[in-house]
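Letters A, B and C mark the chains in the order given here, with residues in each chain numbered from 1 onward.
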């Protein structure tokens, strides 16, 4: 066995399966013995999903992979195209990936409209117009070592997708010609969505493609942003659509949710957005205006419920530390927490009475829990009082015993003294 | 003199002893009588009467420390699932029009078998068993 | 109406059947030595009193406790929250357990240092050491019963250690656990040990222990005896009835007050229900009375010469236990001379080791 082939076998680690189902692959054999960028694809190809499906180099690059003579294997007469031009990549991939009959042989459920979507995207349109710098298939999916999306090493796996988009979209040099900002990735990395994805490993959390689309990537229109956010935040979208903000914002061409929450660096919202330092409402509404009053009203209601829940929680925890069993009450307090969540969601109706409803329910529960805490502390006091009573009885008995001992021993002494 | 001292000691001893024994006996006697709820509900919870819940309606029932969603699918069929969404632990609710279980927090949907239909929840809802004993609806959980 | 005659008749009725006057006569003659070390004589009685508290509160808890993994924790929670004064009974049971073991150790060491183990009281000493072992068994088995995180993992650690006893280890661990893991089978077993097996054995040994104490009377330390006999007198005694008994009652009442205060101000925790699938919380320790051997085993290197460290450790503990139990036999020389200084030194050394290693085991 020649050395290059041995190296190849070692690299692939699958000696009997090292060759594609189609048989010997002279492309891999030869290129394995080359160096630099001509050899690199061979090593990467070991991990490629196409290789596992029995598809070899010649399928994309043309040529004859049964011949070891370069004049034959890389002859244009045999269809050899060499390195594929960037602008031609999507059409080439689409030759198989848009062929429903062909894809059914490998993955019947796999979509076959990626190319069609791509052509509607900003990337696709620019590429079609001749801009070779625009993103094509291999920019995101990699080339020669293409892995499935669900493989954690794939550049388009949910956990890695943002950094893949950022390769271009966070590069000032790359974006210079397009007049696009490059702060999105940095902003996204500060967001709650990225925290959910990266820290909690919640793969359902949104990243770039969730809102912008993947193959048909383009930013959503201002009027449809709320619908995009509403795929997960359905309640908020519902309320917003019926609220006074919706017609105003869409008339102004302002994107619904983004106006207050920003788009990429979405932070954990709180009632601080309604009033006080860093409030968002004041950016448009005067404090004295109708809108300003609603903002202040909602803020006050939510703050009120928050402090009531905190007060109840504090007294229950104090009771627990004092040894009282309050787990049932603490659990019921959870419902007040849920009412708080509902109240915060209700803000999106931008009406004081909409927030007032869940706040009222929450206050009822929080106040009941506070009373539970108070009675737990009272019970503790009753126990201590009971203890005091029994301790007094005990002390009296001990005193009586001691006096009895003294009396007995004094008496016993007397006869001896006599 | 001795007689007085004797009676003081006697009173202290007798009174103290009686009082202390009473302070021991009182809690013990109270302990012996079972409380109104005679046992801790662990594996079984009475969820109300048949007439309390209409067909194609649901209610949240406390099961130990967790909420459970009891759904009356039709006249005869009941379903019960843990009401804690498997995504981020919000409490789910029953949607009468779509016959699905919905989580308001991030728009997750489950079908009436507790399986995830759409949205972020990663796992199905834990199912509990419902028995109807006469007019009473009882929810039990396998250990 | 009660008259002298009717009382006589009633007492006479009982006397004819029960013959209690012989007990009263015996008790009338029972005395307790009076000297600087008399206070130590109370600790046996306090241990006994606390054991009776344990038995009574234990029986009360039995009315509500359920010994299965699904219900144990909930039943204890039920006792703590719903049952009237359940919090009091349960906290007293947990606190008295600890005080009883502490009192038993004090009693044992005071007997050693006052040299009360001497002939003819060897059986009293042996039964006493066995009783201490039984009390530790009560502590270990009872600790699991609330089925919370701490008790589950402490039992796991404890039974794992039992598995490393030489030769019989794995079989012993399997016997204790009722299987390969700590689980429902373990709970059933420990409940059976705690409520029937250990009480039965303890009752029998206790009767032997108390019978021996009555038979041989209370001993005085040799130095005190020598001092008085040098003057041609006997060690001064106080009558058991009523002097010592009244004082004992004072001590027992004080113990009751202390237990009530502890239950009200430092109630015993419920903890979190045990979840076998959660990893053990950091710093799991056994109860304080097991800390010294636990920490010692942690310190022993994994291998000493060709032997496994734990093997050496257990051999060491075994030898220590046998040596200490045999105290009455090696404390007296062939010539009948008491090696009192040796015993005092050994006792103090053992106390120091136990105290120091318990503290280290707690802080580390």
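We take it that a residue touches a chain if its C-beta (ideal position, glycine included) is under 8 Å from a C-beta of that chain, and two chains touch if they have at least 3 such contacts.
The structure displayed is predicted, hence computed values, not measured ones.
A.B. asks: Tell me which has more C-beta contacts between its two chains, A-C or A-B.
C.D. replies: Looking at A-C and A-B side by side, A-B shows more C-beta contacts.
A.B. asks: Please flag the chain sitting at the greatest distance from chain C, going by CA centroids.
C.D. replies: Ranked by distance of C-alpha centres from chain C, the top chain is A.
A.B. asks: Determine the chain that sits nearest the middle of the structure, using the mean of its CA atoms as its centre.
C.D. replies: It is chain B that sits nearest the middle.
A.B. asks: Centroid from C-alpha atoms only, then distance chain B to chain C, rounded to Å. What do you get?
C.D. replies: Spacing between the chain centres: roughly 40 Å.
A.B. asks: Just give me the whole-number Å value for how far the CA centre of chain A lies from that of chain C.
C.D. replies: 57
A.B. asks: From the C-alpha centre of chain A to that of chain B, how far is it in Å?
C.D. replies: From the centre of chain A to the centre of chain B is 34 Å.
A.B. asks: Give the residues of chain B touching no fewer than two other chains, as numbers and ranges.
C.D. replies: Those would be 20, 24.
A.B. asks: What positions in chain A touch 2 or more of the other chains?
C.D. replies: Where chain A meets two or more other chains at a single residue, that happens at 327, 386, 390, 394-395, 397-398, 401, 404.
A.B. asks: Can you list the residues of chain C that touch 2 or more other chains?
C.D. replies: In chain C, the residues touching two or more other chains are 77, 88, 253, 256.
A.B. asks: Write out the stretch or stretches of chain A touching chain B in their complex.
C.D. replies: Checking each residue of chain A against chain B gives 202-205, 230-235, 327, 331, 338, 341, 345, 386, 389-390, 392-401, 403-404, 407.
A.B. asks: For a test of understanding, state which residues of chain B touch chain C in their complex under the given definition.
C.D. replies: For this pair, the touching residues of chain B are 20, 24, 27-28, 30-35, 37, 39-40, 42-43, 64, 143.
A.B. asks: What part of chain C is in contact with chain B in the complex they form?
C.D. replies: Going by the criterion above, the answer is residues 60, 63, 70-71, 74-75, 77-78, 82-86, 88-89, 253, 256.
A.B. asks: Which bits of chain C are touching chain A when the two form their complex?
C.D. replies: 77, 80-81, 87-88, 242-243, 246-247, 249-250, 253-254, 256-257, 260-261, 263-267, 270
A.B. asks: Looking at the complex, which residues from chain A come into contact with chain C?
C.D. replies: Residue positions touching the partner: 323, 325, 327-328, 383-384, 386-387, 390-391, 394-395, 397-398, 401-402, 404-405, 408-409.
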